[in-house]
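What follows is a set of structures for review.
First chain A sits with chain B, and in the next complex the same chain sits with chain C.
Up next, the complex of A and B:
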């Protein structure tokens, strides 16, 4: 049962926006239905509700249960946040999914292709209002600082180059592999190799993302990752063409 | 009001047009091939302007008779070109800003391949609205 003035839109979506500040923007008839909800935080008085209550006795009836819409719909739009663990789980699941598939391209190529596309789009987005980047070194620096900050939540710790087209980006605590890392770096060579092999499936996606970002900004290259000393991870970028 | 010659083209990274719209009013008939030719020829001038400066908005890069070509270069390598007859700088800059925003949204669409034509009707509609708003 939906008690509202004439022309009130249908349940939850229409009712919830009535509660908070943008009330004045909403049609007066809409606010009547949601105002009587008790659990909502104190809100500015709803004059239209008073008016319609007297006009329509049915408005005093119990509020429609479905109208407890999320208050966020009416509050000024806040940035939505997502837990970081969702990203870790998604990457892990993607790696295992592509590894188990019997058809289609092999897991490394498939994951890299996915990462490539994502990297292109992310580069487009994060290079938004920055000046255009001139040469390769500037592009790499952009990837190390702004792009890495946005995607991996920190900046690259160490950038090395041999000035002949090879760059090594070293991240001392790579967030995506943080859960995979042992508490102390492994000293034993063989175990480090085994660890690097174990981490390999999870690195195809970041490599693809980096390669996509670089290619989109004009630097054709190949990217390889080295996870021998987790949580520190290094990416080797070789410029081609 | 003088005849408003306005054609807008987005050129992708491989120098091919990925979006084209004719923004003239309904009553004016213009030679479309001339616009395309002028815009294509202006790409060289856009390249020169890009080498000269790091700015995104390149102002007027080329002229042909009484037609001006203004350009905006995105960091990703796409160029937005506008063919007009001497519109105000502010309007053109505002228009480019709005279309750049729309362009980024299209590029973020996972179902869109970056080097193919933009066929979204919503995009088309919004570009036209932005043109009306900023360019008159």
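Up next, the complex of A and C:
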């Protein structure tokens, strides 16, 4: 527990600007920072990985054979884009798949592990051209701004800390939950609880992504999400030793 | 079929999608330890995505009805793939009665950054999700198909080739009963 007691509001940190223009700028910064794919794998694949991930552009996009029309000739070094709905559906299916399958680790753990790997790999890519991130606060700010922008398509709206190892990141319209169907009208308290329950299976993966990114940047922590005020969602980061 | 402009969907950096998929595959391999079962799960996941993705496609592309399997396959390769993944698939190798064809992809976003270890090259259908998606989507427009990879660049082939086989082109049944 932090010093102020459970009810006391955490003081805001000047990390997440609400103004719009910086966001635009930020987006450019982020995309230009990672635009040229490096010739070397940015992440050394651990030998124990089962499907090893490398970022060799030559391996990713070999020259198209003659039989194929001009439509397919994508430039291998260009940053690839895909429709957002693909990822939305994949993430939703993953949540239901791991929730329903009969064996293996429990769904929250499995989804967290899936997200953790993704977060590590993305953090590696997005921080490649950044100056070294010094202390914990700098890492958290990077995640709130650049990383959040790249993954969740906006910046965190509010960052609070108790200066004792707890950070609360609040996103007023968390992109990955925007399509969650609203629950039937209920009394206020019950409705919030029902929403939070409905959102829970879809939050393990983003929590894993955030924890993966932070861990990769040297901040060991646990991440918990709270979606009682959808579409607003807050993530509580507790730094561990 | 006249080419029509593709509707612009909201786009994201594909690596988020690609890496998430890769991570899911790894998790399934670790959990099931049986590549057959992993292939099945990926196909099922694709199927579930396909039945929902077809709505997105029909809503955004404003396509009319496809009169034949031949036309539907062209729409999948020439419009659906570019619309969602920004790659197109060529439709070739038709059999004589027009019930089987191949979708040829030179480029597969799912397989970016991926190298399969030798022990998985034989059995694992890494991109099997795509087959499931096609199967699910076409089933929603009354075409029952089989879809499977017959060539896969991750296993050393020249291209990605998905073989489609039409099993049944169902007539639309009206009126639908509530309990159907």
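In the analysis below, the second predicted complex is superposed on the first by the 157 of 241 C-alpha atoms of A that agree within 3 Å, B and C clash if a C-alpha of one lies under 4 Å from a C-alpha of the other, contacts with A are read in each partner's own complex, and residues count from 1 in each chain.
As a working rule, a residue touches a chain if its C-beta (ideal position, glycine included) is under 8 Å from a C-beta of that chain, and two chains touch if they have at least 3 such contacts.
Not measured: the values here are computed from a predicted model.
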item: Which of chain B and chain C A:134 touches, first, second, both or neither; value: first
item: Which of chain B and chain C A:106 touches, first, second, both or neither; value: neither
item: Dominant contact partner of chain A by residue count, chain C or chain B; value: C
item: First, second, both or neither for A:94, with chain B first and chain C second; value: second
item: Touching partner for A:117 - first (chain B), second (chain C), both, neither; value: both
item: Which of chain B and chain C A:218 touches, first, second, both or neither; value: first
item: First, second, both or neither for A:125, with chain B first and chain C second; value: both
item: Residues of chain A at both interfaces, chain B in one complex, chain C in the other; value: 117, 121, 125
item: Residue numbers on chain C that touch chain A, as the complex places them; value: 9-27, 29-32, 41, 44-45, 48-49, 52-53, 56, 78, 82-90, 92, 104-107, 109, 111-117, 120, 126, 153, 158-159
item: Residue ranges of chain A in contact with chain B within the complex; value: 117, 120-121, 123-125, 127-134, 216-218
item: List of chain A residues in touch with chain C within their complex; value: 49-56, 59-62, 64-65, 67-69, 71-74, 79-87, 89-91, 93-94, 96-98, 101, 103-105, 110, 113-115, 117-118, 121-122, 125, 150-151, 153, 205
item: Interface residues, chain B side, partner chain A - complex; value: 50, 54-56, 73-77, 104, 107-108, 110, 114
